[in-house]
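Following this message is one structure expressed as structure tokens.
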Amino acid sequence: MTDGVAAVIITIMVLELKAPEGADWESLHELWPVFFGYVLSFIYVAIYWNNHHHYFHLVGRVNGAVLWANFHLLFWLSLIPFSTAWLGEHAFMPVPTALYGVSLFMPAFAWLLMQRVIIHSQGEHSPLQAFLGRDFKGTISAVLYATGIALSFVAPWAALICYAVVTSVWLIPDRRIEKMVASD
Amino acid sequence: MTDGVAAVIITIMVLELKAPEGADWESLHELWPVFFGYVLSFIYVAIYWNNHHHYFHLVGRVNGAVLWANFHLLFWLSLIPFSTAWLGEHAFMPVPTALYGVSLFMPAFAWLLMQRVIIHSQGEHSPLQAFLGRDFKGTISAVLYATGIALSFVAPWAALICYAVVTSVWLIPDRRIEKMVASD
Amino acid sequence: MTDGVAAVIITIMVLELKAPEGADWESLHELWPVFFGYVLSFIYVAIYWNNHHHYFHLVGRVNGAVLWANFHLLFWLSLIPFSTAWLGEHAFMPVPTALYGVSLFMPAFAWLLMQRVIIHSQGEHSPLQAFLGRDFKGTISAVLYATGIALSFVAPWAALICYAVVTSVWLIPDRRIEKMVASD
Amino acid sequence: MTDGVAAVIITIMVLELKAPEGADWESLHELWPVFFGYVLSFIYVAIYWNNHHHYFHLVGRVNGAVLWANFHLLFWLSLIPFSTAWLGEHAFMPVPTALYGVSLFMPAFAWLLMQRVIIHSQGEHSPLQAFLGRDFKGTISAVLYATGIALSFVAPWAALICYAVVTSVWLIPDRRIEKMVASD
């Protein structure tokens, strides 16, 4: 399901990359904001898919609550093409910038929620809890996204910097997960 | 196949969430009926996928009849985006409300049919039969959907309440299935 | 890959089922040729997927030639939405009827070719060859489709009957395959 | 994920094959450049999928770096429908021909990069390194694509021949991979 939804999100974004009218460099050049949005969202979806892949290798039993927490995450991920398209058409406008932030904040929040549900389902001595520790990275991401949403109404460019900082933090491989995989 | 079809249904519904022209709250606000329809259908597809996932873990041998019963279910599920879109454009109109009910009733009926086919394929002492018991939930769903379809021509809002009641019944995890999974 | 391509074909066909302008029975009624085309193609794709599923359970080693024969089949299957849409817009016209026949003939031919490639890869005493026997069903399908294509230019309705006959033949479960599965 | 992305690419390309207005041979004939582009890109995606399938059977442990190298490859593959569509609308124009070459060169480059990352992850005595040897085929592909891109601005038809030569080289089954599979 996750694979299918990730493919769906990418499909919808590729569909917005329409072949330009003209056949010269200039008509190609006009596409760059849409292309840039595609690159960013591809990376964003890839980060979630990547971490998701590692998590579900570590989670033995998947009960109903974990499945629903996963659907909740997929729901918010599925809205990213919509908010990316709106931002692409109205760059640096307050409301689209804030909504884009919300569409990044909600999957981050859904991810933290899913971690909680998985840890709860593993009971005491949860291996996921042991490896996550205090999960500074997950918490700081949510805080930075929320800061960005608030900043959208004052200085949209500062909001976009906030969002970019969080994404780059997640691009760095998660040492905890890599260690967990290696010790298997 | 089920995963692919579920992803297809979600794709088509996301494609209807088009970025609004304006860049303010009002233009976003106008989208709410489409957004609401998206949320409902996402939940609906998720419920089926969730139960489907549990069932096929319990069904050992999948013969030709079970596969066809599954395709029959997928066929009706694949029509949900169409009926949701029509209802979204003509809310509270009799015919679209009735058709929406039909598009919810048919997968419920196809689900009951598939249960019968699976139980038949397991022969006497079918473990699925044992756990389902009299399957009050499945039967009441079909009855409520049928009631809603009839009500569409008299009071469409009452029909929509009928449909919402059934969906909320299914959101509550199925204890029988959870028990079946736990006792594995 | 097969699952993905089947989902793709169904997506494209569902996308043609657009919500009608009006909100009454008549506007719904106008949709019936597109709906009928959707039903037929759904069944057609389901038949291939169903048989495909059984085959690849029986084929142990998948070498490069089998993979390419499979891609060849998928290529022709992927053109069915196109030919269905053209026929839907120009029912009973010679060229669209003939092209529709070609789009049904080619997957049937690709299927026979794939059988040959699989049997060849299994060498002497191929279990697939043993069960297929003379494969009357596969051969007669190709012959009937070819007859239909020729008839398109004389009597398109007769061509459509030819196509429908073949599809109904394949809807009947293949006893040879069922036996093969049961004897596993 | 790879399966999903391949299906996405094929979906987008099939969506461009729109049913023509007229119902005669001529209106069908006008579609041939789009159809030709579809065939070429289907083959191209199939080649990558085919090799990908073999590779990931050979690569035991998939670490984070390999996953990211794979996402990088998928990103460039996902842009092929866009460049194919632009070339289809402006055949033999310098910039679209060059961009098409770039969209073929980048997946070839990403493939070589992924090979390096896999070999690095396998450490000394990498089985992939042993079988690839000097990988003349991968290197010559990249060189020919680059030559084609340069030629686009002088003689676009010569560029297209360059691209076609590389594709036909890859259609020939890779003996090294086949041997690797057989010796499993």
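Here the chain labels run A, B, C and D in written order, and each chain numbers its own residues starting at 1.
The criterion applied here is as follows: a residue touches a chain if its C-beta (ideal position, glycine included) is under 8 Å from a C-beta of that chain, and two chains touch if they have at least 3 such contacts.
In this text, all values refer to a predicted model and were calculated from it rather than measured experimentally.
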Rigid-body rotation angle, chain D and chain A, from Cα fit (steps of 5°): 90
Distance from the mean Cα position of chain D to that of chain C, given in whole angstrom: 28
Gap in Å, rounded to a whole number, between the CA centres of chain D and chain B: 39
Chain C residues counted as touching two or more neighbouring chains: 3-4, 7, 11, 15
Chain contact graph, described as a line, ring, star, complete graph or other shape: ring
Contact footprint of chain D on chain A as seen in their complex: 3-4, 6-7, 10-11, 14-15, 17-20, 23-25, 28, 39, 42, 46, 49-50, 53, 173, 177-178, 181
Residues of chain A that touch chain B when the two form their complex: 1, 3-5, 7-8, 11-12, 15, 63-65, 67-68, 71, 75, 78-79, 81-82, 85-86, 88-90, 93, 95-96, 99
